[in-house]
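Below you'll find a set of structures to go through.
In the two complexes that follow, subunit A is the common piece, with subunit B as its partner first and subunit C second.
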Partner chain A sequence: MNFAPRYLGRGSWLAQRDPRVLVLAVVCFVFAAIQVWDVRLMLVLLALAFAWYRSARIPFREVRRLWLFAIVFISLLVFGNGIIASGRVQRLPDGWEQHIYLYLPLLGSPISAENVTFAITQFLRFMSMIAIGMPLAFAIDPEVLGVTFARLGVPSRFAFAIDLTWRFIPSFAADFRTTLDAQRVRGMDFAPRSRGPVARLRRQVPVIVPTVVNAIAGAEDTIDAMDLRGFGTGPRTWLRELRLDRTDRAVLAGFVLLLVGATVAGFATSSSYLWIPPFMIPG
Partner chain B sequence: MTSMSMSRGSLWSIDSRVIVYSAIGAALYGVLVGLFKIPIPGTTAVDVRPAFALVPFFGYAFGPIVGFFTGLVGNMIGDQISGWGALTSYNWSLANGVVGLLAGLAPLYLRSMMDKSLAQKALAGAIAGSIATVIGFLIVFYDMIKDQMDFNAVLTTEYVPVVVGDLIATIILVPVLVYAWEPVKERLGR
Partner chain C sequence: MAEPIVRIEGLTFRYRRGTEPALREVDLEVAPGEVLLVAGPSGCGKSTLIRAVNGLIPHAYPGELHGTVTVGGRPTADQKLREIALHVGTLLQDPARQIVGATVEAELAFGPENLGMERSEIRARIGRVSKRAGIEPLLGRETAALSGGERQLLAMAGILMLEPRLYVVDEPLANLDPATASGLLHVLRELADAGHAVLIVEHRVEEALDLRPDRVLYLDEGRAAYLGDVPGFLRVADPAAVKLPFDVVLERFRADPRLAPRDAGVPARPAPLSTEALPTDEPARLEFRGVRAGYDGREVLHGVDARLGSRDIVAVLGPNGSGKTTLFRTAMRLLEPTAGDVLVDGRPTVDRSVAELATTFGFVFQSPSQMLFARTVREELLFGPRNLGRPPERHDAIVDDALRRTGLTDLEGIRERPPLTLSFGQQKRLALAIALALEPPTLMLDEPSAGQDHRTARQFMREVLAVPGLESIYLVTHDVDLALAYATRILLFEAGMIVADGSPADVIGNEDRWTGCNLRVTSLMRANAQWRGPGEPFLDAEALAAFVLAGRAGDHRGQKGAAVGST
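== the complex of A and B ==
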């Protein structure tokens, strides 16, 4: 796995946006999506999310494994919830009767038009959230992460910590590989021999502990450098400044409207209730 | 200064040391959390995540702010690296953050153990981490509102598996990390 922050969306329309737009768009979209349970509106949100994702021009071959993981994980989550809920379906309109197709053998969980629709809506919702969120990792220049969060109102020290975190990742990943190789050279065998989780956990100790302790001990240089430069003694300036252009403002306004619209619709319409497609209801 | 030697007032101070340790904790957790997963035999979805022990350890060793940042930002980074998205399950990141925060508050409720021998400090780390894990992950029940999941589904497929796996990692690895870190800390003169 490649841990180095990869700017895969470099040069794309999305990468040209002010990075604050990307962060705020995800926030607005996620809070809008969690209020919508009508599968027709969810399909609209999914289309919007994939249009957004596509504008980042992230090469699919680079993120194929991430998509595979996401789809498998969502499927398990949705399926597990459907089975364990044993026919209880949330967000049904008042007084709605379920239309049961069959009962699962052994488990006895009912499969109905309603819980299938619920599962599909839940699946689409997770997919849309992932599509809208993935460009955060690949279409924001890692150089501007700190200033992005600072200009979003995060206290500058913590914005700096976020920036520092992102910069530490590649070097810690390299340290981890070095430690792993060093332990292998010393004869450590990390192949699982025992099925016991405790024994297998103890086998990871010779890799995890040196990586962590070396990272902490090596922090002294960074701390000294920051102290010598007077970190935290006054307002901080950033190397890059951010400016919202006309397109950024329009996009941002669109996402804010989406959030407001979803919230208002949740109270005024049936968008926050499941909509069961008529063709799924047995005659 | 570390949490293991902090006064109550200094638990909340923010200096360059807190910022750097926060960044280190979050980066390490974000990198390692997806690498190691040890399935528990006989279960379908219960994994021990060794890297999770970093959250209570960083909280316990360096204070609640470092612990909270390590859990919150580290989990978001891990989710983003894995493709899940930093904000898709924001309540889980918050839960991780609260675990680090509660472990960092150990001087308020385990002071007597933390002033004693290294063995007692290591034991206190495991206890603080365990308490923090059990309480902090209660936040995942917000999935009942966010994703309209069933209570039993959250309990049996999310809360219990995660807490069991993370407790195993915490009880074993936090004392080991405390044992490894204390001599280094002394050598560094802190």
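== the complex of A and C ==
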């Protein structure tokens, strides 16, 4: 079983881009998106993010569980926080009054046009960030991860550490799997039971302890192997060269413009305030 | 004589947390073009010697060091590791931990990149080295997807990229099938012939001799017990500690009868086990019917049919990645077949959980550290029985029985000792005790000799066979002699299919098929063919030598039914 992010977007338009573009695009997009509170503009950003994601041609069947997890997690986070836990709504225009539909039984929290809109906007924002970010894991050649970050100014040792993380996820997962099997043949049952989180964690100890102990022991060998090939003792060459072509520059310019545009719009227009669709306002 | 690449003078080293020196007063020189074999039992100081030569001592492993190690004419203590790396390349024992690149090219480039070489030079070297190491077909692949044998060759190629003057190789044969191991030794020999030096540490001395070493350093308890040519080494090495060619064992026993074991000629396997083929009307302990299975869409077993009896000792042999371990995983439902049926005592396994199957098959994994987690040996042993709901009033009896059957009761305070503080050999026995605590009639052993020297591997197998109450044992191994000496039946695997199934004599009778499965014809196989009659059980080297010297052997060369290589 391979748990590592794989190069699923191999050969796609996005995978042909200089990987620095993918990293910088995410940075620009995230900083742009966090300034936008108008749900109409957020829909535009979402469309842009999904167009970007589509261009990576990541097969849906390979990532559907990831998407499912993301949607469930974000839904719980956003709707739990935004609707149930609090009646307060940020980013409303000055003097705006909330239009309350009802109060939740027991909790007493209000459900209003404003906090529903707030939650929807947040949900769309997080979804767009995931869509724009997912190609980082699946559409960058694992061979150029280190050099990508090194060329973005990250020190070589740290840049290579990123490479190394991807490299060892499958090994760690394989060790985990072996330990899991070793405990299963001792009658360990991993079926979920309705006990508390502490009890559940304690049940995982027979798997966690050997996996971690082996990982630490293995890390010592890996460090030795790297030392013996001169790692970290002087200036380093990166075999792979990165070059921004005309398309890369154009794409990068587009994302920089997006960031600048969102920032300017935040000051000059109402895009940094929540926009409540008229049909949601009762009466 | 050319200036030595490495010179060690009066080296004594004690690790910071060690109570005794790991090396004592070692003197050694390695010259260009020389192959030096370093042999000795586990814990004799081989790994410490390697660390001293490649500079990890003193740069990464602090401790008390006396004497000097010079590489390229300068003391290692005065050089940076990257400077030493230009002279000494090291291949560690486990390639999976040595490979740091996500792709084959990235792995090959890693060393030269660290040394700041020009890109054009790195690319040129990748071309040369991949051709020399025979890994051109691997270029472009992700390292996580490589097999064990492919990883070993890639790790070796990663060292070749640095073009060091001395290659230090730590037990390169440990995880390889004999033919792949032979390919690696061939590469090392070529390097030596081209003027490089090779320092190889290896338990499998018989195979390492194929490398035609110029000298052998035999370490014992940190001291150089012998340093000289191969014939001299073969006269002094302890046949019980390192695996020597059979003729050497025989000569040693002839010269010093005290070395010979007393159980001369006694088959290594216990008597009650069957050597007969399983009758077709008798339910098998384990039966595979057209089983197909694999990982991530890649089929590994391609329709396996086999019946393993409840009184068999079955050894599964075959090349790396041929599906040997997958077969056992399928039997335990750790991997579900994509087609076919697996039956245990006549019942399909789909009706039974892994836990239920564990009461029939005690599965002993290759590395005991993959399962040990509890604070005490007692708790470790009771983990399985508790999972299976054994009543608490039986717990003490279960622990006592498992410890007694594995000989662990001799260790003082064993029940309360933390498992991870035991030695590797003791952990292996504890892993066996853990399996026995579930009271299974059959054991499954995955690579029982891996990570152990000749003496401890042999002792472990003898301990397993001496466990009272066991009905059958199924094992996967690369150790041909171990399989032939202890098994009543051999399953020969190749590319996910069984290509031979029968008694050891039957299976090794076809030499082409045997070598076609990447297996080696060992000196012990030839000797058994020579000295044992048709149908007589295969003996391990010590037992056969004693048998021959006791005058109980006839020369069976050329007889019908005599095993491989007998003419």
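We take it that the second predicted complex is superposed on the first by the 263 of 283 C-alpha atoms of A that agree within 3 Å, B and C clash if a C-alpha of one lies under 4 Å from a C-alpha of the other, contacts with A are read in each partner's own complex, and residues count from 1 in each chain.
We adopt the following convention: a contact is a pair of C-beta atoms (placed from the backbone, for glycine too) under 8 Å apart; a residue touches a chain by one contact, two chains touch by 3 or more.
In this text, all values refer to a predicted model and were calculated from it rather than measured experimentally.
If you put the two complexes together on subunit A, you find that subunit B and subunit C both fit without a clash. In the superposed model, A:189 makes contact with subunit C only, not with subunit B. Touched residues of subunit A were counted for both subunit B and subunit C, and B has more of them.
When both complexes are overlaid on chain A, the residue A:137 reaches subunit B alone and has no touch with subunit C.
Using the contact criterion defined above for the overlaid structures, shared-chain residue A:162 touches subunit B, although it does not reach subunit C. Of the two partner chains placed by superposition, only subunit C is touched by A:236; subunit B is not.
Look at A:181: by the touch rule set out above, it reaches subunit C but stays clear of subunit B. By the touch criterion defined above, A:205 reaches both subunit B and subunit C.
When the shared chain is aligned, subunit C comes close enough to touch A:145, but subunit B does not.
Judged by the touch definition given at the top, the superposed model places A:129 against subunit B, while subunit C stays out of reach. Chain centres taken from Cα atoms put the angle at subunit A, between subunit B and subunit C, at 60 degrees to the nearest 10.
Once chain A of one complex is fitted onto chain A of the other, the partner contacts of A:222 extend to both subunit B and subunit C. Once both structures are overlaid on their shared chain A, subunit B and subunit C have a minimum Cα-Cα separation of 5 Å. Common to the subunit B and subunit C interfaces on subunit A are residues 1, 164, 166, 205, 208-209, 213, 217, 222-223, 226-227, 231-232. Of all residues in subunit A, those touching subunit B in their complex are 1, 3, 26-27, 30, 34, 37, 63, 65-67, 69-70, 73, 76-77, 80-81, 84-86, 88, 90-91, 118, 122, 125-126, 129-130, 132-134, 136-137, 157-158, 160-162, 164-166, 168-169, 172-173, 176, 195-198, 200-202, 204-205, 208-209, 211-213, 215-217, 219-220, 222-223, 226-227, 231-232.
By the touch criterion stated above, subunit C contacts subunit A in their complex at residues 54-56, 59-60, 80-82, 85, 88-90, 92, 94, 96-103, 105-106, 109-119, 122-123, 142-145, 158, 162, 295-296, 329, 332, 334, 354-355, 357-358, 361, 363, 365, 367, 369-374, 383-385, 387-388, 420, 434-435, 438. Those residues of subunit A that touch subunit C in the complex are listed here as 1-2, 4, 7, 142-143, 145, 163-164, 166-167, 170-171, 175, 178-179, 181-189, 205-210, 213-214, 217-218, 221-239, 241.
If you check the complex, the residues on subunit B that touch subunit A are 14-17, 19-24, 26-28, 30-32, 34-36, 38-41, 45, 48, 50-51, 53-54, 57, 69, 73-74, 77, 80-88, 90, 146-150, 152-153, 156-157, 168-169, 172-173, 176-177, 180-181, 184, 188.
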